[in-house]
Structures are given as structure tokens and as C-alpha cells.
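This report concerns only the one structure given below.
To keep things simple, chains are lettered A, B, C, D and E as they appear, and every chain counts its residues starting from 1.
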Amino acid sequence: MTWLGPEEWQAVALSLKVALWATLGGLPLGILTAYALARWSFPGKQLLNGLVHLPLILPPVVTGYLLLLTFGTRGPIGGALQEIGITFAFRWTGAALAAGIMAFPLMVRAIRLSVEAVDPRLEEAAATLGASRMWVFATVTLPLSLPGILAGAVLAFAKAMGEFGATITFVSNIPGETRTMPSAIYAFLQVPGGESSALRLVAVSVAIAMSALLLSEMLARRAAARVAGA
Amino acid sequence: MTWLGPEEWQAVALSLKVALWATLGGLPLGILTAYALARWSFPGKQLLNGLVHLPLILPPVVTGYLLLLTFGTRGPIGGALQEIGITFAFRWTGAALAAGIMAFPLMVRAIRLSVEAVDPRLEEAAATLGASRMWVFATVTLPLSLPGILAGAVLAFAKAMGEFGATITFVSNIPGETRTMPSAIYAFLQVPGGESSALRLVAVSVAIAMSALLLSEMLARRAAARVAGA
Amino acid sequence: FAAASTKTALDEISALYAGSTGNRAVVSFAGSSALARQIESGAPADVFISADTGWMDRLEDQGLVDPATRRDLLGNSLVLIGTGGDPVAITPDLDLPALLGNGRLAMALVDAVPAGIYGKAALQGLGLWQGVAPHVAQTDNVRAALALVASGEAPLGITYVTDAVAEPRVTVLGRFPAESHPRIVYPAAAVTGGAALDFLDFLRSPRARAAFAAQEFVVLGDE
Amino acid sequence: MTLRVDIRQTLGRFVLDAQFVAPPGVTVLFGRSGSGKTSIVNAVAGLSRPGDGRITLNDKLLYDGARRVFLPPHKRRLGYIFQDARLFPHLSVRQNLRYGGWFAGQHDPADFARVVEMLGIGALLDRRPGRLSGGERQRVAIGRALLSRPALILADEPLAALDEARKAEILPYFERLRDETRMPILYVSHAPAEVARLATSVIALDGGRVVAQGAAAEILGDPSVTPLGPRAAGAMLQAVIAVQHGDGITELSAGDLRLLVPQIAGAPGAAVRVHVQAQDVMLATARPEGISALNVLPARITALRLGGGPGALVQLDAGGNLLLARVTRRSVAALGLAQGQAVFAVLKAVSVARDGIAGAAGSQR
Amino acid sequence: MTLRVDIRQTLGRFVLDAQFVAPPGVTVLFGRSGSGKTSIVNAVAGLSRPGDGRITLNDKLLYDGARRVFLPPHKRRLGYIFQDARLFPHLSVRQNLRYGGWFAGQHDPADFARVVEMLGIGALLDRRPGRLSGGERQRVAIGRALLSRPALILADEPLAALDEARKAEILPYFERLRDETRMPILYVSHAPAEVARLATSVIALDGGRVVAQGAAAEILGDPSVTPLGPRAAGAMLQAVIAVQHGDGITELSAGDLRLLVPQIAGAPGAAVRVHVQAQDVMLATARPEGISALNVLPARITALRLGGGPGALVQLDAGGNLLLARVTRRSVAALGLAQGQAVFAVLKAVSVARDGIAGAAGSQR
């Protein structure tokens, strides 16, 4: 298409990459956290629960700032990770991390709701058939939580596509590295007359997220139909 | 407490008001939308679904801008509403509207997941006992979706407490009227030396949201225990 | 309606204003672009203080502010900041890439946010932009750029002097020559139909000037 | 009050094609697992929409495929006892029981107390269904359906989860419903005892089709049809209580017959229905003496049907009543049994056990 | 292989306090709805943790309250057939059936085919459980438990949802399990026919306590205990097949007795178990002639028990076998029956129907 410049295409591609990584990378941890919150009781559970919701409560700028302090090269975690070769600062990985963290509460909530809705009597049945807790989780709880996992993933993806405040604060806006669509859109909106350029990017971003949404709806419907029996 | 100035208390009170209204005001519509998406099929369903997710996908600034264009005093809807005495622009009602709209996708998703998890066979049973569709909804679907409604409400509340981008863009940052905690935090962060004030507000905001979270967990646990049977 | 960076000074001034006139000034701080759009949408603003001239020009073109009341209220200057290190002279000979090493130069968005626009212009004026452009990390506002430097994430940054002096963890390494970039001005004007002309006047009172100056703003005036 | 069903419906690879009429009283649907019983009940309830056909209750049209009429379930006034109890988990047992009453608009405390008492669920009223035992759950489900003041009862294996003693307590209630109201009751059951005791008419299903239907006495007394297996073959006698003997024996009269059975409640003259299982009837060519069986009934063989196996079914006329006897082919040969022959039917009083006796359909007590 | 259970557990207001031993073979648990059967089974399965007590399977400790041992369910190697089938909705029927095999580590296609065939679920294999009929669902659940290669089977009313014909097909499989393996099978059932046919030992529960337990023959043949109601009282005879007659009659020998029953499969010499219901036995003081009953057995009255009602249970010794007869008190008086008296027990061959005959426990076929 001719109506997006190469820089803009770069932003689109980068946003996709960041959102995908934020979603897929966050999913395992999201599932684990959701399961723990839904099914286990342990000291500090409410603390974990609160922590998970934090990015939702805090203004994104604050989250970004906190990320900078912890995951920056001088931050306690960022420093340690850098020693083993993982850098977030000013990298697209950092953008993915920021997006992932902002999306995390949404993902966890959705998955947790689905896990809680899984009939524990089915898990019991699996246990009597010889499945250990891990296997019960993998063969019963997980597949039956699919609606929530899909919903969580699509929410996270959408959120990651739109995330801006934390990202720009944490990893700033470096063309080709951390300049995601929302950053680009923001930049356009800051200057008088930039609206139409912003609009084009918004359209692309909406189109991508809607496709993801439709895809997830389709998958969910298929899964539901299978469970309903054929 | 002495460590928050009166202006800051004003921001806290306003944020609470805005978040409560955004949550409670959004809930009926959120439940209806979630139910429609979960149980009905109608033309334009995917469109509605997409629309609901829009605020999540769009950078908040864009959402705020769109709100400004539609609900502003010169906007098509805002103008019409103003004639009948409802003004959103630069009022706390507008802040609530912005927060509510930003929180809407989270709320709808959570409720929808729970509605989908309600066993349709129970709804059938209610129908055979004489309950019309509306009554089935009110006496079976709704109470059994409680986990999702609670989750949706708390997510929406947390989001509303933290919402900033769309709010400041839509209704600006007017002390006592639209200057919510996140806006105040933003303002503090914009000026040299404002960090400690910002931090105090962040702490208050986190404390409030966490209390809401704990409350919702408690309610959810009680509801779950009742369903499990005593 | 005032650009967010003027908050500390304006908070003080509005308190003074309330004390001396008995009228309360309610100030809404946000980014200039958001404020300008809100005024376009009919925001109930009386006075607009913008961080750059572009948005003010646009409002003026639309007749939303009263050109007669417009004046350049404040000025500011750009500085190169870092965490410690020796002061440098900012001349066309400055080897910024060498100073940065592997690090980044933190700036506000160079195409969007006034501080970034000014910064880019200054670097271009000095002929340094080409060399440093790939190393620039842009943020959505000056404060975020400042935070990058303060947290040590970026070794150097370009901000307003007003921001730099208030952050104890950063030091001003050098001032950009005023002629290297367009004049940094904060225009103020009364919104058409607005009332508080006296507030606009009050902004130029000595007490207000003192408050601005305390924040290292250059108070432009009728001199 | 009559339910008329005529439906065709395709469910996956299963095709339902059933026509039948359920008159007032209990119509028992039976057939193998997967033969379509629940599918029919669901169609009557309005929980599934048949592809084609017509369902009417009295003159109320519930469904008409051609005229595109489909009355939603909540307007059908049903009491559906589901095969899986389907209690509302968020409501207490009491609220579950009252649920249907909310919509029927009335709550009759006496009725409520009576049903609760009969089902033995008084102690459960304030509990939630979550941790009820299987049988408790099913009893609450029965109560919930009965208390919704339905115009039609659909019962899908309502007693399968219950113990014999509990069944014996609940069955009379269905009998009373059958006898005191003109309501059709569609009742799915596999248990011969229930069928024999409750059924006014019987519908046998196989592979989605009705393979036999008719009045219970007819179907069960027909030696050529043994729909529930040979054990359930038997005859239904319409009798009245003649004498209540002191030693716990009740004497019934049916036609010209006198029958001694273990005590059943009722004043002399009250009508009762007796199911005599074919396998409990022994035949003798001469009147046997000195035996413990109290009933030795003169009879005449009216039909004789040799099955493929070792057994034979003999249809008898005993004092104007139809009786069935199941004997071995060897005995048929040994005794030289033939149609028209006069024999004695020997029947132990205890064989006509409590659950084979019931207040007769339509009796006024 | 023996299961030993000794548990105390409080569930809400219900208190379970049960001690029993389940030897190899089928131990039937019965009792009224809500008497604690499922609770016991759950404790054995490890799905609930008793407050106190001890459960062992052979020398494997499953639970010990004092020593705080609790073996998690997946290590107990159980095949639990739940009262509510609990199929995995996201797996096909085939995957449900194979589920246990994944963990047992082996899949025996022949075994799989045999179980599928027996349960008649071949046509369902590729469907998901969502829309199966109640009976189909239960059959899949049975198959799933059987195919998990368990060391202990827990069956909670496994056949309640099934029709008579299907029951008759599945019961022999449980018999074979009982006879060919040394596995204890804990089996909850209300159906007298199942109990009579399957039970090696019997445990009667009431209000969470064991009120009677013992070998099946003992409990069912004891006139003072009629745990399943009077209809189920009866005697268990150990017999061997003597002659296969051509006319579909099998002659059994038990002690000095010869017994004619409808044909049962098996070579002469094969051991079988026969359940003779007390109510099917008629007594005569003189040998009756010209009657259809094929079995007229000389016997001696060893005990006589008059109940509260019109009935009486008479215990007989017939050629070294214990028999029970249920007669009316009136007959006891009329015939002057007394302990020690010689009488004839009259038994119709057809009364000893198929489901009362079974391969005997421990027989080697």
C-alpha cells in the first residue's frame, strides 16, 4: 500500500512483533498465575493478586517509571539480566516487556475466571484414573480453560497493540527499535495537523486487533462446539 | 492525614467518585452486552464485539480525542445531550464516561466468560419451571455469573482509578472537576521535584484499589462457598 | 489552561492571585496539544499558556484566542545534561557520539514535543544532528527524558534548563547557544470570549515574574 | 387432557420419528439406552425444536412444524424431572423447591409440607444442592417439578437413583397424581415394577421409533409382546377390596375370582389394581392340596405361546380375568397343556407384593 | 487382596463412622439414599480425607489418620465409576476410554475392543460426551474405569441408568472380573437382582454406620435380616452343572439336590451360583402332582420366623442346601408348619431366571 511510509510500516511490524511476544511470552506465566490464584491457597496469595493488578491501577507513566527503575540497566533485575545477556533498555524486548506487564492483569483475570469455572469433579475423576496433579492440569484443567485462555490472549494482544504510556517511558521511542504504532500515533497527534497521519495508523492498528479478535472468536466457537458434542 | 494537601484530597475524592460511577454506571450495560455476546446471535454481533474492544486497542489519547470529538460540546452526541441538560465536556461526568469506556472491554470480557460458563441446562430447567427468558436471566444466569460480574467490576474499578490518557485528553485536568488522581500524578511528574507528591498519590490510589480488590475476593469466596453447598 | 511544565510556578502564582484579588484561578495542566484541542472543542478556558507557538498559532488562526491579548510570556533554554562528568562546550566540534559511547541521548519526541523539536533544531544548527540521530531515544515529554538520564539509563540528555536544575541527580553539562535554535517561547493569550484578562495581566506582575524566575524561566516581557 | 405427539427430528446421526398419544394417567416410555426417550421428552418440553411434526396438549398447540408454531418452554406449564437433577446450585433446597411456584404465582404451604414430607427432604431444606447425595438430589428435583403446579409431568427415570424403600414411598404419590388429576404424565422408566404399577399406557421405543403402544394391561398381558423382558410379563387385574382379614390378609374380588393378598389399605369396596407377574403363576392340572399357596384359581387356557427359549407363556381366563403364566416347555409337554384346557392357576399371596398393587386408575376414594 | 476400611469423618451434619473389610470379589454397599455410600467410596478413592482412621489395600497403606499418611488418588490405582458419569467433555469417547491407559502406561487393543463391544459403545467412539444419552454416558464411564487397569474397582450405582437388557449384558463382565481377578470391587447398588447376583459380601449402611456385614449367602439367607426388603430375601446355592437337556433346561446338582433351571451356558461340571428368592419357593406337605413347577424338593424346616406383617420366612434344609421360603402366616397355620417338619419345596424353573444364576465365585473356567 502506498499510503503508509516505510517508517510507518516499520512501526506496524514492530507493534505486531511486540504485541505477539507480549502475549505469547506472558501466556505461560499468566496461566500459572491464574491457576495459582484460582486453585491454590498459600500465604501471600492476596499480595500476588494485588501485584498482578498493579499495572492496571497505576497510571501507565508510573508503571513505565517503575519498570525503568527495576529493569533498567542500573536496576536490580535489569542489571542482573544484562549480565546474562538480556537487555530490555531501549530494545524492542523492553517494549514487549512493558506491553506484557500492562496486559498481564487482563490476561490473568480472564484465565482465572475460566479455571474457576472448570468443574473440580472432572479433575477428581482424572486423578482417580491415575493422572498426577500436573497431568490433571495439562489434560483437563487447561483444555477446559480454553475460553479464558483465548479471551486472555486476545485482551492481552489488544492491550499490547494499544499500550503506549509505559512503553515510551520505559524504552522511549527509537525508530525501528521501540517506536510502536501507539508511539507513532502519539507523535502525530502532538503536532498541529498530524491528525490524518495518526488516523491511518489507527486504522491499521484497529484492523490488526480486530482480526485477532475475530480469530479468537472463531477458535472459541469451535472449541465450544466440540465440548457441546457432535 | 496531614501529608496530603486539600487539593490532593480533592483529587482522591474525585477519583473515587469517578471510578465508582464508571463502574456502577457501566455495569448494567456491561452485563447486557456480555450476555448478548455470550448467548445471542444477531447480525452485527462481531461488530459490537469489536466496538467494545476498541478502547483497549486504541492508544488512550486517541480514545480521548474521539470522545472529545463526539461527546464534546461541539460534538454530535455531546451537543445533543447538552440540549437535554447532560454535559460531559470538562465535567467530572465526562471523566467518569472516559473511565467507564476505557474500562468497558475489561468488564464485558470478564462477565461474558462467566455467562458462557453457566450451564445452559440449568437455564433450560428454569424455563420448564415457568421462568420467561428475562426471569431465567435474573434468577439463574445472573447469580451464577457473579464471579465474572465481581471480577469485571473490580477490573473496571481498578482501571478507572488508573485511567489517565483518555481522561485528560477528553476533559482536561481541572482541579476539583476533572483532576483525578492520575491526572494529578501526571501534573506532579511534569514539574521538577514533584515526584514525592506523586508518590503519595500513587500510594493512596493503590491502597484504594487494593481494598476494592480484597473486598471483591471476599465476596467471590463467599459466593463460591454458597454454591459449593454447606 | 497551561502547559504542564509551568505547573510549579503557576500553582504559586494562582495562589498569589487569589490572595491579591480574591478571585480564584483554576489551572488545568496538560500537554499543549491536548489543551489546544480541548479549546477547539469548546473547553471553558479563559487563558491558554502553550509550550510552543505552533498550537497557539493554530488557535489564533481559528479565531479561538484573542490575538490582541497574545504575548510571549516565558522563555527557556536548552541544556545538555548528564550524571556527573565534566562540563563541555557545546560547539559544532562537540563529539557527541563519543561522549555517548554505547549509550543513548535522551530527548523528547524530536518531531512532536516542543523540547524535542527545539533540541533537534539546535543539533541541526550545530551540524551535530547527523552524527547523533541514530543514538537518540525519544520520550513523550521532557520529564521522561530527564528520568532516563537521572536513572542512569541514558548517559546524556537534552532538556530545558528549568527541568534540569530541579533534578539533583543530573548535572548541566552545557548550555546550547541561544542562536542554535528558534527562540523558545511560551505564548499566552486569552481565549476568545473568556473573562480573566486580569489574570493575564497578573502573570506579568513582578510577583509572578519572581515565581517564574525561581523556576529558571526566562521571563519575557515588555522590555 | 391428552398429549398428542407426532415428531420427526434428526440429532446427529440419530433420527427420531415418533407418533403417539398419551391419555390422562401415566404413559410409560421405555426402550433401550439411546432409543430416544429423553429426546422425545425434550421435544415435548420445548427444549429442542423438532424438525417437523406437531405436539398438542389437550387443545393447546405446543408445536407445529408446518405452521411454525413453537410455544416456548416456560409457557407450557410443565413439571420436568430431569434424568440429571439440574438443581440450581446457588439456591437452597427450599428455594429450589419454590422456584416453580414463583411463576405459577402461588405457594401452598400445605402442599409444600406434604411433598417435603413424602420425599424425606425436610432436613435438607436449608442446604445448598452442592453436596447432596445422588438420591437426595433426585428427590429434590422431583419435589421441584411437582410443586410447580404443572399441567403435564415429564419424568425421566425419576426413581433410578433411589433405594427400594424410598421408591416404595414415592410411587404412591405418582399414583395419586395419576388417579386424582386428569393430568397426562410422561414417565421414562426401565423398572418393570414401576411400569407395572404406574402405567396407564405403555410406549415402547426402539431406535427412535415407536415399536409398540397401547393400554398397559393390554401390552403387559399380551403374550406376544414382552417389552420389558420376560420377568415383567404379567396381567393387570381390576379388583375391589372384598374383606380385610384379621391376619394381615386382604381378600380381593375380581370378576368371579377371589384373591388373597398381603394386607393393603382401603375400605371394602375400594378399587385396586393388581399386577400378577406371569412367572409367579404356577399351573396344575388337578387342584393341589396341602400347599402354602393361598390362591388356587380355576382357569381355562385361552392362548399358549411357545418362545424360542425353554419357556412358554400361557394366557388364562380365570373367572373373567386375564392371567398370564410363564412355565417351561417341558411342563407344557409333561402336563399336556393345550388351548381350551381347564387348569388351576396357583399363586402365592406373597408374590402379589405391595409394589404390584395400586389404587386403580380413576377410582374415587 | 483385601480392602480394609476404618474411618470416621464429619461432613456437615452427617457423621460417617464405618469399619469393614472387603475381601476379593464384589462387596456390595447398600443403604438408603443419604446413608453414606458415596462418602465411603470417596474416602477409599482419596477424593475426601477422613478425619481419622485407616484404609489399606492389601498391605498398601492408603490412609492413616494417626500417622498422617494420605496417598493421593492418582497413586491408588483405582477404577472409580462415578454416580454422575463425569466424562471429560473436551475429549472424544475414545479418548475418554483411553485416558486411564495413558497413565497405566499400556494400551491393549484387544481389551479395548472387548470392553467397547460389551458396552455397546462402538458407534459412539468418535463423538464427544456432550450429547450422549444418560445410559450411554454411564456405559462410557464404566468402560473408562475398567480400562484404566485398576487394582481396585469402585462402582457407585453403575447400572442404575441402564435398561434391563443392557444390565444383563454388563453384569457378566463384573462377574468375570470378580471371578478371574483377585481384585476387590466395592459396588454400590440398590437393585436386589444385582446384589444377589454379584455380591460376594454385603455391607448394609444406615446413617453413616455399618449395620450389617458378612458373606452374601449368609446375609441374604438369614431370615432375621432382610436388608434389601423382603423381595430380595433368598438363598444362595453353590451348584455344578450336571446335565444339559435338549429342551433348553439345565440340570444342576447342589449337595444331594437336583435342580432344573432355564438353560445356562457351561460344560457339565462347571460351578454356578444360584440365587433362589424366598418368595419364589412354595411349600407343600405332600408331594403335589400334575403341576407345572419342575422342581419339587424334599426338605426339612430348620427355622421359622414370623414377621410383624402377614408374612413368615421359613428356612429349609434341602439335601444339604439352605433354602428360604416366604409364605403367609395363614399358610403356616393352615399347614401346621413347625421346625423339624418334613415338607416339599416347590420351585418353578422359570423363577430361577437368568439374572439369578451366575458363575460361582472362584470357579476355574
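By our rule, a residue touches a chain if its C-beta (ideal position, glycine included) is under 8 Å from a C-beta of that chain, and two chains touch if they have at least 3 such contacts.
Please read these numbers as outputs of a predicted model, since none were measured by experiment.
*Asks:* Just tell me the minimum hop count from subunit A to subunit D, counting one hop per pair of touching chains.
*Replies:* 2
*Asks:* If you check the contacts of subunit A and subunit B, which chains show up for both?
*Replies:* Neighbours common to subunit A and subunit B are C.
*Asks:* Compare the CA centroid of subunit E with every other chain's and tell me the farthest one.
*Replies:* The chain lying farthest from subunit E is C.
*Asks:* Quick one: which chain's Cα centre is the longest way from subunit D's?
*Replies:* C
*Asks:* With centres defined as the mean C-alpha position, give me the subunit D-subunit E separation in Å.
*Replies:* The mean C-alpha positions of subunit D and subunit E differ by 26 Å.
*Asks:* Please compute the C-alpha centroid of subunit C, do the same for subunit E, then give the distance between them in whole Å.
*Replies:* Once rounded, the distance between the two centres reads 90 Å.
*Asks:* Find the geometric centre of each of subunit B and subunit D from their Cα atoms only, then give the gap between the two centres in Å, rounded to an integer.
*Replies:* That gives a centre separation of 57 Å.
*Asks:* Any chance you could list the residues of subunit D touching two or more other chains?
*Replies:* 12, 84, 127, 131
*Asks:* At which residue positions does subunit B touch at least two other chains?
*Replies:* Subunit B, residues with two or more chain partners: 61, 65, 186, 189, 230.
*Asks:* At least two partner chains per residue is the criterion; list those residues in subunit C.
*Replies:* Touching at least two other chains: none.
*Asks:* Can you identify all of the chain pairs that touch?
*Replies:* Touching chain pairs, listed by label, come out as A-B, A-C, A-E, B-C, B-D, D-E.
*Asks:* In the complex formed with subunit A, which residues of subunit E make contact?
*Replies:* Spelled out, the residues of subunit E in touch with subunit A are 45-47, 72-74, 76-80, 82, 84, 86, 88-90, 99-100, 102-104, 127-132, 144-145, 148, 154.
*Asks:* List the residues on subunit A that touch subunit E in their complex, please.
*Replies:* 121-122, 124-133, 135-136, 139-140, 143-144, 146, 223, 226-230
*Asks:* Going by the contact rule at the top, pick out the subunit D residues touching subunit E in the complex.
*Replies:* 11-12, 30-34, 37-39, 83-84, 127, 131, 133-136, 138-139, 156-157, 160-166, 168, 190, 192, 228-232, 245, 247-249, 260, 262-263, 279-280, 282-286, 288-294, 309-311, 325-333, 335, 337, 346, 348-351, 353
*Asks:* Residues of subunit C touching subunit B in their complex?
*Replies:* That would be residues 1, 4-5, 7-8, 26-30, 34-35, 37-38, 41-44, 141, 143, 162-163, 165-167, 215 of subunit C.
*Asks:* So in the complex, the part of subunit A that touches subunit B is made up of which residues?
*Replies:* 46, 49-50, 53-54, 56-62, 65, 105-106, 109-110, 112-114, 116-117, 147-148, 151, 154-155, 158-159, 161-165, 182, 185-186, 189, 198, 202, 205-206, 209-210, 213-214, 217, 224
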